[in-house]
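Below: a set of structures, written as structure tokens.
What follows is a pair of complexes built around chain A, which joins chain B in one and chain C in the other.
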Partner chain A sequence: MRRYYSTLLVSLLVLIPAVHAQDGAFRFPMPEFESGYHHPEQVFPGADLTNPRVDVLVLAVVLALSAWFVLRRRNRRELLALTVFSLVYFGFWRQGCVCSVGSLQNIAASLVDPTFPVPWVVLLFFLLPLIAALFFGRVFCAAACPLGAIQELFTLWPLQLPRPLDRVLRLFPYLYLGLALLSVFLDSGFLICAYDPFIGFFRQGGSFNMLLAGALLLTAGIFIGRPYCRYLCPYGVLLSWMSTFSKWHLRIPEKACIQCKLCEEACPYGAIDFPVTEAAPLTRHAGARQLMLFTVLTPLVILLCAWIGMMSHVYLARIHSDIRLTERILAEERGEVEGMTIESEAFRSGNTTIPALLESAGKIQEQYKRGSAWLGAFMGLVIMVMIIRLSLVRHRVDYEANKTHCVSCARCFAYCPVEEEAGCVTQ
Partner chain B sequence: MLRNKSHHFIKKPFLFQLSAIAAVVSALFILIVSTLMIANYIQILALDPVDQPELLALREEYAHSSEMDPEMIARIRALDFLSRKAYFTSQTHLITGGKLLLGAAIVFLVSMRLAGRWNPQAPGPPQVSLSKGHWSRQSLLRELVILAGLVLMIVAALAALFTPLNLPTAEELAAELAEDGGEAGETVATSEEDIVFPDWEALQKQWPSFRGPGGYGRARTEKAPLQWDGETGKNIRWKTALEAPGFNSPVVWGDSLFFSSATDTERKIHCYDTEEGELKWELQLPAFPGTPDTPPRVSDDTGHAAPTMVVHYPFVYAIFANGDLVCCDFSGEVVWGKNLGVPENHYGHSSSLIAWEELLYIQFDDKKNPRLTALNAQTGNVVWETKRKTISWASPSIILHENRPQLILASEKDVDSYNLSNGALYWSVECLDGEVAPSPAWTKAHVFVGQDYSIATAIKLSEEGGTPAGEAVWEWDDSLTDIASPVGAQDYFIMATSRGEIVCLDALTGEDHWLEDYDDGFHASPISVGDLVYALETNGDMHIFKASSDYELVARNALGDKASATPAFVNNRIYLRTHAYLWCVEEGS
Partner chain C sequence: MSQVNRRDFLRVAAVAVGSGVALKASQPGAEATVWQIDPALCVQCGRCATNCVINPSAVKCVHSYPICGYCDLCGAYLQPAAKTRDTGAESQLCPMAAIQRTHIEGVYYQYTIDEELCVGCGKCVKGCAMFGNGSLYLQVKRDLCVNCNDCAIARECPSGAMHRVPLSESYLLKTDPPPEAQG
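The block that comes next holds the complex of A and B.
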């Protein structure tokens, strides 16, 4: 407990300079002087970066400690102290960058453009949490991710969403992942970074909408645990894939479950699977036929979704800023809107002509036609895989942490009376 | 083995109450600070210290006032300071609020966690175990996933349905805009018959635009009258009284003379017979789609009809301060017309039109979107359009250098040369400053621009890799013109200023040969006719002098009426538009 509060105190001390560092960040047009006054030449201070090796080292240590706290020490309090540290270091101190969640965009960009530079720090930030998930489950979500950390701390009165609703909402991270990759592949920007809801808090500044979205998510997070992690985080999709095959994932009872049911309401994230003791409603033959039907339907659904995705390419192409600019310029030319936006004003003061803009926009829309079809196909595949998985008959004897969705927060440990004495191997 | 974990769930009511109170207080504090910050943010949004209407009005009033009123300057400074102070105070409040919120959020979090710690809810077996009903839940979940997939598909399909499918091509957009401009019915050219517009040689025989063919102030008439008297009528062929507000200059084609006029409420084109000075017809413009109900604010010195018309047989074209552009034929019938949008221009739009082969060029001086547009002269469709960096009050000129035409434009910063066919920029020289009104002059392969309170610059024309190029070769910064455009006459550039000075500079070296002072000043641009230069003073006196290195006055003729428009020299005659009359001067009349 003492260690926990000392970490909090350190966090506060670190936050104070972080707040002051933002005072000079506001921009304002300089006054117009017509008296021969010369504006002083702007001087930009040199980059003052923390050694990236330190960041990687800290991440690796945090991941290792997280795995150790969860798997060996099974201690939530220590894990929570580590969470606070990560929030302070990766969030407020490093201001949310480099971030593993956003790094997947850099990796994706380098896949389509070999000249796109991917620093080894970014690569390691992308890979280390995935490797850790492959061995220990989502220990990155538990205590290393600043986005997860801030939500974990705000999970104060968690309510359990109905399990079916929770599972359906978990479709959205796939959609967000698809959109983010589409945006990267078609040179439309890094959506995940642009719509990071918590970066405004970390940097003590940002657009009103960004701060409002972050505040709403945190407020919702008081009751619905980790809403961003569960229903939006695209990196969480990759982590969940890795975690599904994790070698040493946490177990609720360290040894054999005694079916006491005490942990049933322990997890606010709906990540505990219950024993399946009832007989399956379908016969083996009928179940196999149903599974076969879904399997056969899969390519058709994928094709249908691809076609619908392709049809909506004009809408999706608006992700690209040039398309939004083109639509704005067209509206201005047609007299449908009054005045100019900053973007259209900048365009009109540049050398690009409207015909050139239209030509460029047309090419972008063509690219989006193909990209949107792929996005539709991906979503069709995700839906069908989800349906097929739900149709598989699995029998489970114990209460278990769901390897895919469990974020290794260690809340459930306190609820489980089964625990191994240190060095003891008895049940 | 089983372990007793009851120590995790020990309650401490007093500590719980303390932490709960702290949590409630900090939550209330967060709520209040957030509300205040949002209100402050909305206030900042509404507060634009740079563009406050009151401040803008004061600055505009100051810009138009001739005297430097120290009281007004002090008021502007005080208001500017106050609005900036208010803005930055709000910003400081936001920053302070942010820090308070951060602190309060930490207190809230810690106290809430402590409250949870000191009032734990011990787990017990659930009343209804979720381990029951697994298969029905799975079935419901499968149906919900299918439903969610369908919803996603429907949303995507709706997005596809309600989004316009494709962006138009440049040609389609031009046609669409032209079509929109023609919604008024009779204002769009419907005839597809091929019209042959006059070539460069044919233009030289007329006075088709501001400052004559090409718009650089050189008359091609063999000779021009030297002596006349407005009072006695000597050599005055005819004189017609006018009631037509507008400062634009007359243009002449054959036996027709055109000019435009406008008030707050109406815009007109006038056509006069050049032989007798009789009114042939007068056209009052209809309202086109987009024509504003309220006229734009213009200065009295500019008015609503400052741009000079252009004649491009068989059509004539006029543009007005509200953005109305019209094409009509020689009988006064509207061929097509459109509103280009009201240009944001604090004095009023004043750039004149010019035409070349099948294209009509518009230097559209809109501060928000300054541009050069080429329209099909027959249909009014946009053929090409190019952005300009800044506006000006000067007019475009077309020069033919080494058999290659160039469209020369002066802006507040640059002199730019464009390809007439596609709007490509040939060259650009940054040499101007301030509010530029004089148009470029040209002689001896040199383009000359100047603006009072700035400098005058000569730009030598050349070819670089088969492309026209321009390079500033000399500058001059003494008496410079502010309204009348300079003229290239033989080996000299000649400027007439509104202070009454006439300056003669050597075109090749910039050497100032002479400077003469006159009485009232010049608004009309001087015109070169052979080896003579005609400069019309604002009191109506025409000064005729030789274009030479020594000042040699040939004649001074009075009209007896104030004059601002540049005269037209064609067929051995001079046509003048003074404030109250239209004149035709011809020797032997």
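The block that comes next holds the complex of A and C.
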């Protein structure tokens, strides 16, 4: 017995330094197996995705077909079939990723972050629709975009929104674009992806809020044609800029327009300009003076909007997760809230101190102050350009598709009695 | 052909600007990135299981055999209040019963993760980090991950453990001693 205890003591004495030496190792060292056991090899498989070249090829073919159906065939039924294909392929099969709408964030991120290059697939998804818009109009919106496709199929009983309301709502995509870019530039995440309303349907799963937003937009879309495309889509802004200068944009009547107004009634997206034949509302002199006034006002409006933007930076900065964390931690420190969130718990178990967090939050807020001012200035410019464009009255004889807003859905052809193939010509 | 009008000029200008941005953005020679979890930062909050866009999550528990202590009383396998050390469902910590326990010799057992069943909740990872060597950790399986633009887990990760790494640096493996055990 005595011998046993002495052995134990000796082994303990030996063990104590051993334990100290093993401080850098594990609590329970790997046993030395007598049965010749070898642990299984770990397998770490590489990516197993659809070849992205296929996606780019499909996108290019769909864009080309869409342009052909709209401009040459002038056939809505074929275009609709292509829309359904895009919805199934880019939406449900590829689960809505990578999409052109989100790709603009990758481009923006790679411009500010040298460690985040844009894969060429994403680059092509960004550029191909824009190049297509530069020549054929927004054929991407017509049949290639899965977000547009799902809304196109839900446009069942479209109502015409009053023109002024439509034009004011069309400012929101600019705001969304500005916010998304601000968020990317200040390292706060990809807003367009986070708030994609339809991705939940494509993936057949998602947070409740995401599915609810999607369902609400689709329901609204039954009566208001393509609400996301018209009043939110940030990529649509870039497409509309390109489309404004498009070379071969669709024209409604191939021959002489008979002013039947059917196309304007048929367009659910408020994208048809009606004829302006009466004399201009202002004399040439008064018009020039009005334009001069707007031009002088522009810098003032830009400054005012920049100031409003700067004032709102406190709210905008909450896009950044560190700001939200800082506010939570401060509230906990002041005893305003009970308990801890997962975020604050993770922060407190980490090595960062509260002063360090406050310092970094201060820097982020400073960046947001500047960024929000730029965002405000951008919105001021957008508003003034819209006002100036609305104030310029162009003489127009026929009904024409508005190159900026038209998404080339081809409904106007289907209703145009001048079209050769239309069977409903009565006179 | 003979004269360039304003619109054509604008078109050419747009293409030129676009190509410039494209060239700047593509950063020739830069490497593609993939999403990976830094095991040293992970706090096992459980959001990997619920936030991934694919269901079940592309995040799975990975077992580093060289770190494992092959314990009989395994903090990752057994419920803290388990009455017996057996494979009964009431004893298991894993809600999916995704950990298989096989006897090797003496008091040593091998634990294997069944990836088909694992949902990446990280309960076992927490148990192993608390009571064991920390040989279990969560990692994004690249064959399952669709490499989203904006990883929905990274957006909600409380410790910033999910981040982009260059393709050649994946996987982020755990082969070193856990930080808790270091001096």
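Quick note on the criterion: the second predicted complex is superposed on the first by the 372 of 427 C-alpha atoms of A that agree within 3 Å, B and C clash if a C-alpha of one lies under 4 Å from a C-alpha of the other, contacts with A are read in each partner's own complex, and residues count from 1 in each chain.
Throughout what follows, contacts are C-beta pairs under 8 Å (C-beta built on N, C-alpha and C of every residue); 3 or more make two chains touch, one makes a residue touch a chain.
Only a predicted model underlies this, so the values are computations on that prediction, with no experimental measurement involved.
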A:G102 touches, of chain B and chain C: first, second, both or neither? second
Partner chain(s) touched by A:H285 [first = chain B, second = chain C, both, neither]: neither
Chain B versus chain C as contact partner of A:E345, first or second or both or neither: both
First (chain B), second (chain C), both or neither touched by A:G376: first
Chain B or chain C, by number of chain A residues touched: B
Contacts on chain A seen with chain B and repeated with chain C across the two complexes: 23, 26, 28-29, 31, 205, 345, 349-350
Chain C-touching residues of chain A, taken from the complex the two chains share: 23-31, 33-35, 37, 39-40, 42, 44-49, 95, 97-98, 102-103, 105-107, 110-111, 114-120, 122-123, 126-127, 130-131, 134, 189-190, 193-194, 199, 203, 205-206, 242, 245, 247, 321, 341-343, 345-347, 349-350
Footprint of chain A on chain C - complex, ascending: 7, 10-11, 14-15, 18, 21-22, 24-27, 30-34, 43, 45, 47, 53-55, 62-71, 104-106, 108, 110, 112, 132-134, 141-150, 152, 155, 158-159, 164, 171, 173, 177-178, 181-183
In the complex with chain B, residue positions of chain A that touch it: 8, 12, 15, 19, 22-23, 26, 28-29, 31, 153-154, 156, 163-165, 167-168, 171, 175, 204-205, 208, 215, 258, 260-266, 274-278, 280-281, 301, 304-305, 308-309, 311-316, 326-327, 330, 333-335, 339-340, 345, 348-355, 358-359, 361-362, 365, 376, 379-380, 383, 386-387, 390-391, 414-415, 417-421, 424, 426-427
In the complex with chain A, residue positions of chain B that touch it: 1-5, 8, 34, 41, 50, 80, 84, 87-88, 91, 95, 98-99, 102, 106, 109-110, 112-113, 116, 123-126, 129-142, 144-149, 152-153, 156-157, 159-160, 163-170, 173, 176-177, 180, 290, 341, 368-369, 371, 384-387, 389, 423
